[in-house]
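Two complexes follow with chain A in common, the first pairing it with chain B and the second with chain C.
And now, the complex of A and B:
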């Protein structure tokens, strides 16, 4: 009774690998490290792309800011009414927000104001507006902000220092969970009134105005009309913001590309070394096998199993370690390269994104290439006269 | 059984250095014969064995074994021929030091994908025949020279081939072990195997079991 798969050849391949345990361990370690590095880079990039796309989807269609001497100034709230008169504009909301520098921790918080009875310009703020107590100074903070405040003993409230040096005490009433981690980590949401007080902003002013358009094809036309109405304004569309975000990300992905090239370069050096020839001991082994009746295809099958066992094991191990590194340990060192634009770098969780294409790409970059590097020199030796090899 | 017709074998050491190993050898060995090829080192004895085992091809001439012209066999057919018809005992045994005695012995069977019962049956036969049952699980690198040779002979016989070729089989053995090897030869001859031994060990000269001694000198039969 014959089996289709020759288990004895597989057993021989395993024995052969175990007999050279130091060499096998070294090759497996290097391959695993390379697969791990490549996979980690791919996983982080995929997660950030996913996060970025989610963030971009939540961006306002048009943002209007007042510009004076090339700098951003507060805009008159009355502009909202005039924008609403433009045909095609569905809504226009004045936003009150700014950055607050918390000196003790050396980080910036993004403070965003909401109005209880006003339409919210972001889905994630609808729930927050319901939870927020507008009757007293209170705030809902992002996860990263909460951690920083806890560390600095502000567990129930926080004292903001106003521009005139006096303090504004605001109670922490909840933790904010936005559409994405990138968006919500450094955010503090409170009433518009509180934000104005902290930043000493006039009631008739807003930081900017966000405009929602009924027909998405009309965004650029409406943006042009606003620009004509207010030549001293900067009108930014969603597409402009997308490009800006992408530019930041592309810069990061340049670093990724460099690491990727280094990994591949190292891998191909190993492959070149393997493919350039066998040791006399390995040639002799092939010669003996042929002398006792193994055919060329038997020898190659055995070498295939050897290569497959080492490379597939390294591939699986590299992927598992990379998954743990990126999604459990939060990619220490590597993540900061890619997420530098977050105000708070603490407590940033990469969303779990695992696509088959990435796994397949890493597989084809590692397993078949390594197997080929084993098979080709073995084939060269196996096709020589056995006598020539073992003499 | 084995016919070598006007065999010439040249080895190209490099483009300016060609060694003539055999210079037109004619040889006929009958079935069941035990033939000793004698001669000094480099005379061409091992080359003759290598050609009979289809481990190399002659530069010109024909090697016919059991009616098949093996000197023209393609590589994979030559492997099949060796697997089924030839048992080769190499001078340095050519065992895999990292494998056990048992694993070495069954190595020729590995590509055949036989059932474990078939392998076990063949293994038991040779282990018993060459008295190495008690060593089957030891790594061959830990065995003595004589034991290693028995493993090599067992491996050569695992497929019960009709032809046994031995290249300088006693070169690494003391006299006692060499005599033990001759006892093994007797058994193999009694089984009807055709045996060709390449040696310069005088122990084989004039032996009762040897049917013929053929002297090879500088690539020619004298």
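And now, the complex of A and C:
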């Protein structure tokens, strides 16, 4: 029956906490703030990582661009036929897309062309291709684009200005939301022909070519074959893209790490301060308890309950506040560290990702350490003779 | 100063005159179409528009009277395998005058910088030797006579067919299928048509699938003619499915972790999954009786293929979960390409693999 929870001791622990209201309040709020800061940082990084990864997953294995004088240039569609001949290539699709600068709002739209019957290079486009009306100039726009167009009184259609200054009227037939906000917010999808007209692009040209490869082992072999066939091309594989995205992300995480280290450091200083000694009042309390017959393990148990209640309460509160802060309030202030990590102007809706590992990490960084910081000095005083402590 | 100016002028004029004469294979005048009926706009072999590839177009007669017009010498070569065609009947479009001339006496420019029609090498005919040589100067290649050009077309036929075939299966058939499913609501009796160009004319003129552009009509008719007519696309999309509890009976590893390499042997009532062809073969040599089918994963497409008909590359620099593996391919050409790319030592068929071959892989 030794391990049974002693309700009297818990009651004592709660009363002891309540009797030192200000101190308890102070400790709880510091701990809560710490957990809140750490967990909201982790939540934001996790969400962004998830968003980046899903954007990357949706990317084709190989992208082929034509480079002329160091700049990206339109590529011949006939290149597709040559690429299809390479063994191991599952499909190759010429993409027609580009950025359209909408001056009134000062934003860039990404205009993406689709072919009705071609294989779609992104899963999210399959549904869009079905909804899009290819028989007349029409488009399906992302949520962010819709908002901006509404603001400028383009509710049913939009006038694109072609390179020669004339207008191209395209009807808005739907709003589309992709898998994640980052890739779909500024997107406009329409037929290849319309995109070609808006950008004045020749029929035999495309912006770039995306290649699907069934066996991922073969990506590098196929990429090098394409490079050999077309020395003037830039062949970007998924891994290259992953690395460059990761680089931008890592740079931003550096700032995170700095914050993380500072807050941890502060926490440990507080802990060290606590652990280095007890006030004479607290020592006396332990002494009295021992004098009236408490055993050492009773004292330790009481202190454990005390520490556990405070730290666990702070932990839960910190996590809940962080969840609300990040996912309901969209992390004001902290978010600014990350916005603008791509040239696209996108709103910043973080996808909800709850990672058990992160929660566990924060738990073990706060709760056991705080409990240890309470128990160790108490144990030191509790092992002394009662008269020695009270004296 | 003057000299530079004149030079620049000359350069500018020279450049503009070149760009003004950019060569196109399409007809720039009204094309001469010799076939009868509504289908005369299209090649009877491949269904492509003759007007669009007019300058590589050839004509012939089959059964001594019925005139046929092809998009290119490649289709002529295909048709020559099937029908008896008298060389004297063959005519070709003169690329400069755009009139039909006797092929026998024409001069062909082969291998110029003009892209070939359904072939890697273009073959353009000229009645006039000088015109051919002029063209040759400007666009490269060499001037040959009809017999040499035809021989080239026949020799490269196999590789040209393979080239077009891969494009068709990877791009055109799926596209045609989509067009078919979306637009062709009515039953269409494909067997009522004798040739692909008749089908195409029927589709276009009777509007069986609604109003379609040439760029949609071609994939649709190819799909209907070459796939749909022989039943539908074989559903070969399936990859080998392995449940999470299946272990390789030879090495004891979980197979689901290595889906790229999965192979299976089916017996009447049970089946075993292997994490590679090597282990599958080890098992196969010991338990040959009562096998109903054997599957392997094609290295390139990752699809499930009949292992007994596959080709295996041995000794490459690609390793599976159990190290060196015989790597399965559905198609011999793909096996050869892989072997070149990855330093394969030999290509074997299923029946040719011996216990010794498999044992050596583990060394």
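Convention: the second predicted complex is superposed on the first by the 373 of 391 C-alpha atoms of A that agree within 3 Å, B and C clash if a C-alpha of one lies under 4 Å from a C-alpha of the other, contacts with A are read in each partner's own complex, and residues count from 1 in each chain.
We adopt the following convention: contacts are C-beta pairs under 8 Å (C-beta built on N, C-alpha and C of every residue); 3 or more make two chains touch, one makes a residue touch a chain.
Predicted model, so just to flag it, every value in this text is computed and none were measured.
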Mind working out whether A:85 is in touch with chain B, chain C, both or neither, as first, second, both or neither? second
Going by the contact rule set out at the top, does A:298 touch chain B (first), chain C (second), both, or neither? first
State whether A:386 touches chain B only (first), chain C only (second), both chains, or neither. first
In the superposed arrangement, does A:214 touch chain B (first), chain C (second), both or neither? second
Mind working out whether A:9 is in touch with chain B, chain C, both or neither, as first, second, both or neither? first
Chain C versus chain B, contacts on chain A by residue: B
Intersection of chain A interface sets (partners chain B, chain C): none
Going by the contact rule at the top, pick out the chain B residues touching chain A in the complex. 50, 53, 55-57, 75-76, 79-80, 82-84, 86, 88, 90, 94, 96, 98-99, 103, 106-111, 113-115, 119, 155, 159
In their shared complex, at which residues does chain A touch chain C? 78, 80-81, 84-85, 87-92, 116-119, 214-215, 217-218, 221
In the complex with chain A, residue positions of chain C that touch it: 115, 163, 166-167, 170-171, 174-176, 178-179, 182, 216, 219, 260, 299-303, 318, 333-334, 337-338, 341-342
Residue ranges of chain A touching chain B (in the complex, touch as defined): 1-3, 6, 8-9, 12, 15-16, 19-20, 284-285, 288-298, 383, 385-388, 390
